[in-house]
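Worksheet: the structure to be examined is printed underneath.
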C-alpha cells in the first residue's frame, strides 16, 4: 500500500527523524510528570513559532476536532456567529455553528479571491453583533489565503472573537497570533508541520478563555470542550490519556522547523510556491485564483479535454504517484500541488512537476517548454542570491 | 523522559514491530483507495477477535472518545439510560448521558464485587424502560470484571441496548460481541492491544444503527457522532483524514494477537493474573476485590503504614520504575499491577514483582517469602502442562 | 551530516524496510540455530538471484574483503595469475596476487572498451598456464562492463579458474554464475543490492573448493581464508560472530529484489542507463566509454573549462547534493552517475539530472535542451509499452 | 527467529537508540568529508573512554579481525612472540602468531586463576627476547580477568610490545591504555559496548606504529594490515568504504556510555557481577574461577547430573530464553552469565536468574533459597548508599 510517490496538500511527507521518534518506547503519560513537562514545552515551542504567549494545547484527534471544539466551546444557543466564506472549508464552519445552537451569518465572497477588507468593513458597519467569527487562513480546496493581519484586528475592533482555521497554512505561511489578535488559532499535525495526521493544535487567548467562563449553559460534550484543558499543568492531570508517541513525533517535527528557522521555512515555501505558479502559467494552464495565493498549495485548472481526475489517474497508473484534485464541484477541474512542509523541497517538487508534465503531454496537452524547465527558470530568478548562501541552499535541498 | 521501566494498567508496553510499523512512510489516506481496503481489513480483523460481524470502526482519538460518542449518538433529550455502576468508570457514564440530555438512572452495587445478575434482574423487573444501558467490562481503577455474557443478554430481553466499555478488557478477557448481544463495544489501542494511545475501536450492532436512524433530533456534534461512519466504504471517503501511521501500528498489534491466537492470548492473561493474585495473598496483602477479578489488572491494598503513593514513589526513585496506584479515594490505598497485553509476559512481570517486593521490604514490610518465589509457585501450578508444550511456552516468554 | 541528497555509484540509497530491518532486536547468532538456518536461506536466495547452486557465503567486511580473500585462498607462492585489466579495479588485483606470493601477469587493454574476446583468445593461445584469472564485471571508476558470458567459459576451456569482482554489477546486470562457469563471484552489500556497506558476498564453485584443498601450503591468514566457511552448516558454527543485524538488512534488500523479480530489476537498470547515456550525448557531453556500457553507472567527460571536481563542489554547495567524479587520473575529468539499485528510480534520477543540468548551466555550459527533457525523451522511447503495464510502472517509480 | 529472550556474554542487548541510529539514512562515507570528521570524533570518544591519546580506528569486521590484524602487522618471519595463556582465547593467539611466520612461546598458567605477576616476572628474567606479547583482558569462555595494570608495564620494562584483547572487557572493566602502556588495545562492538557485532576497535601506540614501520618485509595482506589507516585523516581517504550505518550505531552506543559516565558504567558492572557471584555460591553452585573474576561474565559449574547443555536447552524450550555454556572442554560443565553492557541491568538480570533458578529446580536441583532472593540480598548490601542517590539508581535500572 505504501510504496508510492505521494505528493498532495496533506498529509505531507514525514521526515525520517519524525517517523523514528514515533517509533520509540515511551513513559506513561498519565502518571509520569516528566511527560507533563514535555507536553508543556512542546506546546510552548509551537506558541513561539506562531507568535503567541497564549495557552497552546495539543489534542488527540484530527485537525477537524479543533474546528468543532472551538465552535462547541464558544457557541450557546442563539449566539450569532459570523462565518466568513470564500472557500469550501470557510463555508463548512456554518455546520459546526448551527450544530451547537448558534446562528450562522455568512459573509460570502468570490471563491477566486481572498477576502476584501473594505467589503468586510462595510459589512460590519451594518451588522457587527457577533459573538465570534470564523475564518479560514488557507482554504485548501482552492488554496486561497486570507489576510489575517487585517481581518482579525478589524473584527477585534468590533469585539468579535476570531476562530481561525490555519490547518493548511500554519508554519508554511506567516502566522502572528498575538500581533494579529487571533483568539483561537487552529492547526493540524499533517500539513506544513509534516507529522502524520492525528493531532490538533489549539491556541486560546484570554478573551476566548473568558468567553468560555462566561457561558450561561454548559458545553455539550467533553471531547470537544476546550475548557477541560485549562488546569492540566497545575493539576498534572490530562483529560484523557495523551498520545505520547504521536506527540514525540510532533515535537521532533517542530524541532525540525525551529532548527531551520521559522523565517527560513516560510521563505522556502514562498519561493517554491511563486516559481510553481509562474511555471504553470507559462506552461499554458490557468490558476484557479485571481489573487490570495497561499504558499502551501497551488490550484491549477486542468482543461476539460483532459480532466483533473483523469490526469491523477494517469499519474497513479503510470508513475505510481498519488496526486490530488480538489473537492466538490472542483473535483474534476482543479489539480492541486501541495508544496507545503517537507513537500516544499525542490528535489521532490521537480520530480512531481516532471510527472505532471509527462502525464499532461501523454494525455495530449501541447506545450512549448517542460514544467521543470519553467520551474527552474523562475526558481533561479528568485534564488539568485542563494548561490552565495550555502546554509540557505542546504535548507532548500534538504532530505 | 523515556528511559524508565514502565508497568501500569495502560498504556502498556508496545512491541518493537508495532513501534516500527508506526515509523514507516505511508500513502495518503484521503485519496488512495488502497488505504480504504487496508482500514476495512484491519477493522474486520478486530471484529474476528471480538467475535462480531457488526461494523467495526477505528476512530482518531483516545478511548474515551468512543464512550462519549456512543452516548452522544444514542441519547436524545429525556431518554432514560441505565448506568450500571460498580466502579469509578462505570459511574462516569452518568456524565456523558446527562451531557447529551439523557436521564441517567444508576444501578449501583458494591465496588468490591462484580455485578450480581439476580440483583440486576430484580431491578429490571421493576424498571426496564431504558433506551440503553452502559456497562464497564473491566473497571480499571479497581480491576473488577463484569460478566457480559449474562448482563447483555438479560438487558436485551428487556429491549435495552447495551454500550460496553471494554477498553481495559478487550483482548485480555474474552469478548463475544455477537453471542453476548453487545450493541456497542468500545476499545482503546493502548490497553491489552498494546499499541500506543490515540485510537478508539467501536463495533456497532444493527439495533444500534437503527436507533441512530430513528432519532427524532440530530446528534449534537460531528466528531462524536458515530453515524458519520456508515458509508465510508461505499463512498471511499472518511469523515476526516485518518491517522494512517497510527492505524498501521494498530494493525501490526492486531496481527501479533492473531499470530498468537486470541485463545492463547486470553489464557496467557489468565495464568499470569491468577498467579499474581495468589502470590499477593500469600505475600500478606489483601486484594481489593472479593470476586470479579479481571485478568488484565490486579488491585492490591497497601497497608496505611506504607501507603500506595509512597510505594510507587519509592519504586520510581530507587528502581526507576513507573507503577500506578488507583484513582480518587483509592489513590493512596490501592496498588495496581497492570498485567495486560505485552505487559503480560512472565519475564517482565517477574522483574516488576521483584521491584515491588524490594520496595515493600525497604519500606518496612515484613514477609516470609518473596513475591517472585510466590509467583513462581503459583505460575508453575497453573502451567505444569506447558513444559510439554514448547509453542505455548514461547508465547508466554516472548519478547 | 546525513541530511544531504546522495547519488553516487555506491553506497546507494537504502530502502526504508532495509533500514528498519537493521534496527530490530535479534537473537544470538553464535548460539541460536535459527540463525544458522536464516543465514543459509539468505545465502541461497542470493544464489538464486545470481544463478548458482554453488555455496554462497556472507562475510563480515566491506566488499574488498572478498577480493583479497579469493586471492589469499587461491594463491600459493609462485602461482601464475592472469590479471585482466581494462580498468582501475581490474589492475588492482595485481596487488592482491603478489601480496600472497603469486606472479601477476597482466592482460591489459584500452580502458575505454570492454575486453575483446578475440584478443583474449589470441593471448591465451600463447600463454594459458594460469592457476586463475581475475576479472572485474563492472569497473566502477569508468563503468566498463565485461562480457563474462564469453570470458569465463573461454578461461574454463584452458582450465583457468575465474575470480570475478561483480561488486558494482551484481543485481544491476545479469550474472549467471553457473551457466558462465564463474568459479568465485564476489559482491558487496552497498551497490545494486542497496544495503549499507559492511558485507561481502562470495560464491565458490566446486573447482575452486578443490583448489583450496589441493594447496600444498597453508593459507596465510584466517579472516581472508575462504576455506574456513566450508562446514559452518554441518557444525552449526561460524568462524566468528556473525553480524546478524547487518544480515537482516541484507536479507530484506534481497527480498526486495525477489519481490520485484530479478529480470525486472535488471531491465529497470537497463532502461534507466540507456536513457541516461543518450541524454548526456544529446546534451553535448562525451561518454568516457566507446562500448561496454554498464547499466549501473555512467561515466561522462566534463569539459576542462568546468572540471568534474568543480561541478560536484557546486552541486554540493548550492544543491546540497553529493555526487562523485572518478578516481586517480580521471578524478577531475569524469562525472559518474550511479544509477544502480535503489538509485535506479526515475523519480530520484530526474532530480539529480536536473541538479547536474542546473550546475552545468550555472558554471557556464551552453546547451539546447535540459538533461531532464532529454532523459524523458529517451526514457519514453524505451518505455512506451510500460504505459500498458501498470505493474511494471509501479516498480520503476517505487519509493 | 528474533522473538526470544537473549542473555549471553555477547552479542549483548542493543539499546533502542542504537538500533534506530543504525536504521537512518546516511551520507556517502567515501566522498563526504563530514563523515571523515564524524569517524574521527567517534574514535576520539572511544580513546577518551579507554584512557588513551593513541590513534584509534574502527575497522569493518568482527572483533577477531583486530586480533589477527595486530599479529599480521607486527609479526615478521622468525619473530619470537610471548603468548600469555590462561584461557581458551589467550592460547588462541598462538595460531595468529604462527600463521604470520612468528614463533609463539606460551606462558601458560592455571585456567582458574588470573596471571600471577611474580610468576611472569620470573619467566621474563629468564627469557625476554620477544617482539611482542599477547594478553587477553577478559577471557570470555571462563571469565578470567587479567591485571593489565601490572602485566603491561612489566612487559614494557623488557621492551616487549603488548597486544591486548579487551573485546570482552572494554567498557565493562577499567582500561587505562596510556597509563598501563598498552601498545595495541583491541575491542569489539558487540560486548560491553552493546552495539551489534561487525566492528572492531583498535588503538595503536607510537611504539607499535614504529614497529610497523621498521618491518623489513611487507605485511602479508591488506584487510588485516593496521598500517593502512595511518593517513586516512590527512588524506580524507579510507582504505575501503566505511560501514557508516554500523558506525552511527556504535557512535550512539559510545554516547550512551559517555552520558552514563564511564566510571558509573564500570561500577554498575562491578555491583552486578559481585552480587551474581555471591548469589551463585550461596545457591550451592561452584564458580569456575578461584580468583580473577571479571565484572562482565560469570562462569558457574553446573553439576554433571544436570549438565550445562541440558540446562540451556531447558531454558530455551520452556522459557524461550537463549543462554550460553562455555566452549570446548567446558561446554557441558560451565554456564556463563553474561552481565555486560546493556545486559548489566538489574531488571533483565533478575528475570534471567529466575529462569535459571526455575530450570535448575525443574531439572532436579535442590536449593534453599531462590537465586533472585540471593541476588537481591547481595545486591542490596553493595547498593545501600544507592537508595540515597537517585541519579545512580536510574542508571542501574535504565531501560
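Note that the chains are named A, B, C and D in the order they appear, and that numbering of residues resets to 1 at the start of each chain.
FYI, contacts are C-beta pairs under 8 Å (C-beta built on N, C-alpha and C of every residue); 3 or more make two chains touch, one makes a residue touch a chain.
Values in this document were obtained by computation on a predicted structure and should not be read as measured data.
**Q** Give me the step distance from subunit A to subunit D, shortest route via touching chains only.
**A** 1
**Q** Based on mean C-alpha positions, I'd like to know which chain lies farthest from subunit D.
**A** A
**Q** Quick check: more C-beta contact pairs in B-D or C-D?
**A** C-D
**Q** How many Å are there between the centre of subunit B and the centre of subunit C, using C-alpha atoms for each centre?
**A** 54
**Q** Using Cα averages as centroids, what's the distance between subunit B and subunit D in whole Å?
**A** The computed centroid separation for subunit B versus subunit D comes out at 46 Å.
**Q** Distance between subunit C and subunit D based on Cα centroids, please, to the nearest Å.
**A** Going by mean C-alpha positions, subunit C sits 35 Å from subunit D.
**Q** What parts of subunit C, by residue number, touch at least two of the other chains?
**A** 2, 4, 20, 23-25, 399
**Q** Within their complex, state which residues of subunit B touch subunit D.
**A** Counting only subunit B, the residues touching subunit D are 2-5, 317-321, 346-348, 350-351, 354-355, 357-358, 362, 370, 372-373, 376, 380, 386-387, 390, 393-394, 396-399.
**Q** Which of the residues in subunit B come into contact with subunit C in the complex?
**A** Counting only subunit B, the residues touching subunit C are 16-17, 20, 23-25, 399.
**Q** Spell out the residues on subunit C that touch subunit D in their complex, using ranges where they run on.
**A** 1-2, 4, 6, 8, 10-11, 13-14, 19-20, 22-32, 34-35, 37-38, 60-65, 68-69, 72, 95-96, 99-100, 188, 190, 196-198, 218, 220-224, 239-246, 322, 324
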